[in-house]
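Here is the structure we will look at.
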Amino acid sequence: MDLSLIASNILNPPVLFFFLGMMAVLVKSDLEIPQPIPKFFSLYLLFAIGFKGGVELVKSGIGQEVVLTLLAASLMACIVPLYTFFILKLKFDLYNAAAIAATYGSISAVTFITAGSFLGQLGISYGGYMVAALALMESPAIIVGLILLKLATADLAIVDDSKVTQRDLDWSEVLKEAFLNSSVFLLVGSLLIGVMTGERGWQALSPFSQDMFYGVLAFFLLDMGLVAARRLKDLEKTGTFLISFALLIPIVNAAIGLSIAKLIGLPQGDALLFCVLCASASYIAVPAAMRLTVPEANPSLYVSAALVITFPFNIIVGIPLYLYCINMLWS
Amino acid sequence: MDLSLIASNILNPPVLFFFLGMMAVLVKSDLEIPQPIPKFFSLYLLFAIGFKGGVELVKSGIGQEVVLTLLAASLMACIVPLYTFFILKLKFDLYNAAAIAATYGSISAVTFITAGSFLGQLGISYGGYMVAALALMESPAIIVGLILLKLATADLAIVDDSKVTQRDLDWSEVLKEAFLNSSVFLLVGSLLIGVMTGERGWQALSPFSQDMFYGVLAFFLLDMGLVAARRLKDLEKTGTFLISFALLIPIVNAAIGLSIAKLIGLPQGDALLFCVLCASASYIAVPAAMRLTVPEANPSLYVSAALVITFPFNIIVGIPLYLYCINMLWS
Amino acid sequence: MDLSLIASNILNPPVLFFFLGMMAVLVKSDLEIPQPIPKFFSLYLLFAIGFKGGVELVKSGIGQEVVLTLLAASLMACIVPLYTFFILKLKFDLYNAAAIAATYGSISAVTFITAGSFLGQLGISYGGYMVAALALMESPAIIVGLILLKLATADLAIVDDSKVTQRDLDWSEVLKEAFLNSSVFLLVGSLLIGVMTGERGWQALSPFSQDMFYGVLAFFLLDMGLVAARRLKDLEKTGTFLISFALLIPIVNAAIGLSIAKLIGLPQGDALLFCVLCASASYIAVPAAMRLTVPEANPSLYVSAALVITFPFNIIVGIPLYLYCINMLWS
Amino acid sequence: MQPAKRIEIIASSVELAKILDGLDKSGVVGRTVISNVSGQSSTGEMSDELVNNFYIIAFCSRDRVNLLVENIKPILDKFGGVCYLSDVMEVQSINCVASV
Amino acid sequence: MQPAKRIEIIASSVELAKILDGLDKSGVVGRTVISNVSGQSSTGEMSDELVNNFYIIAFCSRDRVNLLVENIKPILDKFGGVCYLSDVMEVQSINCVASV
Amino acid sequence: MQPAKRIEIIASSVELAKILDGLDKSGVVGRTVISNVSGQSSTGEMSDELVNNFYIIAFCSRDRVNLLVENIKPILDKFGGVCYLSDVMEVQSINCVASV
C-alpha cells in the first residue's frame, strides 16, 4: 500500500519532471529554463492556489474546524523554530542556528502545491482554508528566529562584550519583510479576491488558474530539479549533522502535525496538507529575509538543507508516506 | 443601478488585481512581475483581441453601421487632440500641450479590453469591428499633435526667432512610428489573420487566445497597478490643472462619444466600447512616439496623467458609469 | 488539389503569423517578442510534442513499422550529411562544407511541429513514434560531419602540413553536445514521462500541453518570422550556390524520404512527417554545436541557409507539396 | 569632455533597496540598474539561483565619490557585495554637469 | 595588448535605433547591447517602467573616438541619455585590431 | 581603497562554460555574468538571435591578470569573442582582498 502510494506519487508528471531536471544537471545537459519564466511561474502558482482557496473558503464558510486549524498552524510556526533552534545550537553558532531554525519553521508553498495536486490525482478533496494556513505559516518563524537570536546574543554580550556586535534590528523592516514579502502578499491577496468574486470569478478565471495549473507545476518542478541538483555539491560543505537534521526533522514535524490533525479531527486531505506544511522548509522567503537580518549566517547552509534535501525528500517520499500514515490512522 | 454596476465592475477579478497591485506598492511589498512577462502579456492581449475581432468581423460582415463607426472613430481621434490642445495651451508650453493632447486623442487598448471583459461578464456582446475602431484610433492623434505643434511653433518663430529651434520633422519616421508601432501592427495583423482563417482558425486558437484571456488580463492589470502606483508620487509635480484635466476630459470625451453612438444607432455593447475609446488616453504608444518627436515635452506629465489618473478612473469608475448612462438613454 | 492544400496550409494561423513576423521586419515595425519568451516557447513545444508522443507510443505499442521507421530515420540522418558534404565541397572549404552538411543532416523540430499541426487541421493522425524519430534524427549528423571533417583535414595535413591546424577534438564533449543538448534532452525526457504516466498523466497535463499548443506555435512562428526576416540581408553574402542548395536539397531529401516511407508502408500522416524530417535543416542545435566544434566555419552561412531559405520554404510550400505527392502515390 | 567617476556595485538583489538609499543619500541620482545578473564569489557563500544579484553603474562627479563610499561601504561590509571605482571622461550627461 | 577605448552609452530604448546608426556612421561596428536596463537621472524626467533603457558598450581604437563623439553627442543632446569614455587595454579582439 | 583590475569578456553563450573554466583555472573566483546580451562585430559573423552572447565582469588583483590572459586568450582566439582590461580602485570586496 505504501509502495503503491509512493509509486503513484512518483508517476505524477510534476514529480517526474523534477527528476528530469535533476538528471539534466547530473548528465551535464545544458537544459535551462531561462529567468524570469520560473519566477513568473512561482507567482502564477501562488496566485492560482490563493484564488482557488478563496473561492472554496466562501463555499465552505468558516467553521470551528477552520479556526482550530489556523490556530494550530500559527502554533506550529512558532514551536518548530523554537525547538529546532536548541537542537541546532549543539553544532552551529547562534546565527546559523537561528537562520536554519527559521527556515524549518516556515513552509514551502511548492511542496504544499505538489501535495495538493497529488490529492487531486487521487480524487481526495481539501478545504480552501488550508491555503490560509499556508499563508499564516510562512512568516512567524522569521520573527521567532530573530527574537531567539536577540535573546541569545544579549546573553552572550554580557559574557563577552567584544565578540558580538550590537544588533539594532530595524523591527519595522523585519515585520515588513515577514508579512509583506511578495509570496505572502500575492497569496493572501489572491485568496481575498477569490473570496470577493466567488463562483462568478472562478468561472472566468479557472481556464487560466485551474486548467493550466498542473502543466505549470510540471514545468516549475523541472526548474526546481535543475536548481536543486546544481546545489548538490554544496552538501559536502554542509556536513552530516545538517543532512541528518534535514531528513529527520521533516518526519518529526509531520508526526507532530499528524497528531494535531487527528486531535482537531481534520479530514484526510486537510490532514495531509497540514503535515506537509509542518514538514516543509522555506527556501525562498525565509532565506531572502535571513540574508538581510542575519547576514552573519551562511546562506549555503540554510538554503541547501531546505532545497537540496528536505524539499526533494518531501516531494518524493514524504508526501505519500504521510498520506499512508494518515490512511492507517484515520480508518 | 449605477452603484450595482460599479460594484459588479469592481468585483471583476481583473479590476481587483489592479487594486492589489496598487496596494502592494502602497504597503511597500516587494511584489513585482518581472519583465518581459508584462510586455509579453500586452502582446498577447493585442493578439487575442485582434484575432477575435477579425473572426467576428467575418461573421457579421461590413454593414453601414460598421462604416459609420469607423468614420466616427477617425473623426474623434482628430478632434480630441485639436480641442484639448487649446485647453492645454492655457497652462502649458506648446511642446507639453501638444504631447498631452496627442496622448488624450489616442486610446488605451487595456481600458478597451477591460471594458470588453466587463461586457462579457454581463453577457452583453459587441461587434468585432470595434477592434478595427480601436486600431484606427491609436495613431491619428500623433500626427494631429505634431501638425499643431508645427503650426504653433511656426507662428512663434515669426514673433520671436531665437526662442524656438527650427523643427525639421522627419515625417516618414513620424508616420512609421504612428502606423507601424508594434501595438497597431500586431492588432491589425491579428485581425487580418482572424478574417482570413475565420471559424476554423478560431477553433484551433481559441483555447489559447480566448480561454486564457481573462486570466492574463488579471495578471496584466496586477502589473499595471504596480506601475501606476509607483508613479503616484509624480502627481505632486503634475499640478492640479493637469489632474483635473485628466479626470474631466475622459467624461467630456465619453459624452461626445455617447452622443455619436446614439446618433449612429450603435447597440449598447458597441456604444460602451466607443465611449471607452474616446475617454481613454494612451500611455504606451503615444508616449514612445512623443519622446522621439517632441523631446522637449516632459514625459512625466503626459505619462502620469494618462496612467495614474485617467487609466484607473476609467477602469474603476468610468466603464460602469458610461454603461449606466447608455442603459438610461438606450432604453 | 495541390493549390488547395497550399492554400489550406497558408491559411493556417501559425503560418500566417510567420508571414506577419516577416512583414513586421520588412515594413520596419518595432514589433519584437522579448527574450526569453521565444526561448521558453521552444522548450514548451518540445515538452508538449515529446509528452504527447510518449502517451501515444504507449497506446500504439512498438510494432515492426515503428522499428523500421526508426532505423530509416537513423539511416537518413547519416546519409544526408555524407552526400551533401561532397556536393558542398565543390564550392566551400572543408569547414563550411562539413558544417552545412551537418545542418542539413539534422532536423528542425519546429518544421515537424508545424507539419503535425497541419495534419491535425486536416484530421489526419500520426503515430507517437514519429516523435522518437524526430529525436533520433537531431544528432547523428553532428557526428558524421565531424568525422568527415577529421578525415578530410587528415588528408590535407599530408598534402600541406602548414595550412591546417591540428584538430584534437574532444570527443566526449562532441558526443555530449550532440546527445545531451537541451532540445534532445527535453524531447526525450518528456517522451519518457509520457510513456510512464500514460493516459492519466495526459488528462492532467493536456489542458496545458495540448490546448495551448496551437496558440503557442502561432506566437513562436511570429517570432521565427521576425528572426528569419532580420537575416534576409545575409543572403547577399550567401551566394546563389548555397541558395539553390537550400531550395533543392529539401526536395531531394523529401523525395528520398517519400520513397523510404512508401517502402516501409507508412500511413500518410507518418509519411509526411518522415519527409519533413528529411527535408528540414537544423538552425538551433547544430549551429550551436558547430560554433564550438568547427569554429572555422562561418555561422552566417549555415544558419542563414537553414533559417532564411529552407525553413520558410518547408513551412510554406514544402509541407503541402510533400503531402500532395503522398496523396497521389498512396491512393 | 570632463573627468568623472564610474562607480560599479554588485550585490544580492535583497540589498538593492538599501544600496539605492545609500546612493540617494550621497546625492548620486543618475544611475543604471541591471537586474538578474548571476555571480560567484570566493566567500564560499555562492550566489543564489533563487535570489539574483544586481549590477549598478553610476557615473558621477569626482567630488561626490568620498561621500558615496562612506554611505555604501558599511552596507556591503555587513551584507556582502562588491564596489569598484574608476576614471571616465564624460562625453554627455546633463545630470552630471549639473551636479558638479 | 594594446590601448583602446571603452565607450558606454545609456539612453531610452526608443532612441536605440538612432544611436546604433550613429555608431555605424562612426565605423564602430563592434558593440554589445544590454536591453531592459532600468535607470534614473536628475532631470526630473525619470525613466519609464513602460519604456526601458538600453546600455551599450563598445570597445574601439582610440582614434575613432572623436568621430563617434561628433555623431553621438547631438542625439543625446536632443533626446537625453549619457555617454562616457574610458581607457582599456585590449587583450583580444580581432575586430578592433583590424580597425586600428 | 587599493588598485585592482577589471576584466571584461564578451562572447557567444556557447562558449560560456569554457570561459568560466578558464577563469577558475586562473583563480578568478569573483565574477558576474550578464546573459542574453546581444551584439555585433566586424568579422562578418554577426551575432545570432538564436544563440546570444554573455558579458562577464570580473574584478581581481593586478597580479592575477597575466595568468588569466594566458588562459583566456586561446579560447577567444579559437572561438571568437573579446576581452579588455582596465584599472579600477577597489572600495569593497572581501574576496579580492583575500586573494591579494
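Order of writing sets the labels: A, B, C, D, E and F. Residues in every chain begin at 1.
In this section, a residue touches a chain if its C-beta (ideal position, glycine included) is under 8 Å from a C-beta of that chain, and two chains touch if they have at least 3 such contacts.
Please read all numbers here as calculations on a predicted model, not as lab measurements.
Counting only chains that touch, the fewest steps needed to get from chain C to chain F is 1. Ranking all chains by how far their C-alpha centres lie from the centre of chain A, first place goes to E.
In this assembly, the C-alpha centroid of chain A lies 42 Å from the C-alpha centroid of chain B. Chain geometry summary: the mean Cα position of chain D and that of chain E are 20 Å apart. Centroids of chain A and chain D (each the mean of its C-alpha atoms) stand 34 Å apart. Residues of chain E in contact with two or more other chains: 34, 36, 80, 86-87.
Chain contacts: chain B has residues 34-36, 207, 211-212 touching two or more partner chains. Of all residues in chain B, only 11-13, 16-17, 20, 23-24, 27-37, 117, 120-121, 207, 211-212, 214-216, 218-219 touch chain A in the complex they form.
In the complex of the two chains, the chain D residues touching chain E come out as 1, 4, 6, 29-35, 57, 59, 86-96, 98-99.
Those residues of chain F that touch chain E in the complex are listed here as 8, 10, 34, 37-43, 53, 55, 69, 72-73, 76-77, 80-87.
Of all the residues in chain A, the ones that touch chain D in their complex are 35-36, 227, 230-231, 234, 237, 283-284, 287-288, 291-292, 295, 298-300, 303, 307.
For chain B in complex with chain C, the touching residues are 35-36, 39-40, 43-44, 47, 51, 176, 180-182, 185-186, 189-190, 193, 196-197, 200-201, 204-205, 207-209, 211-212.
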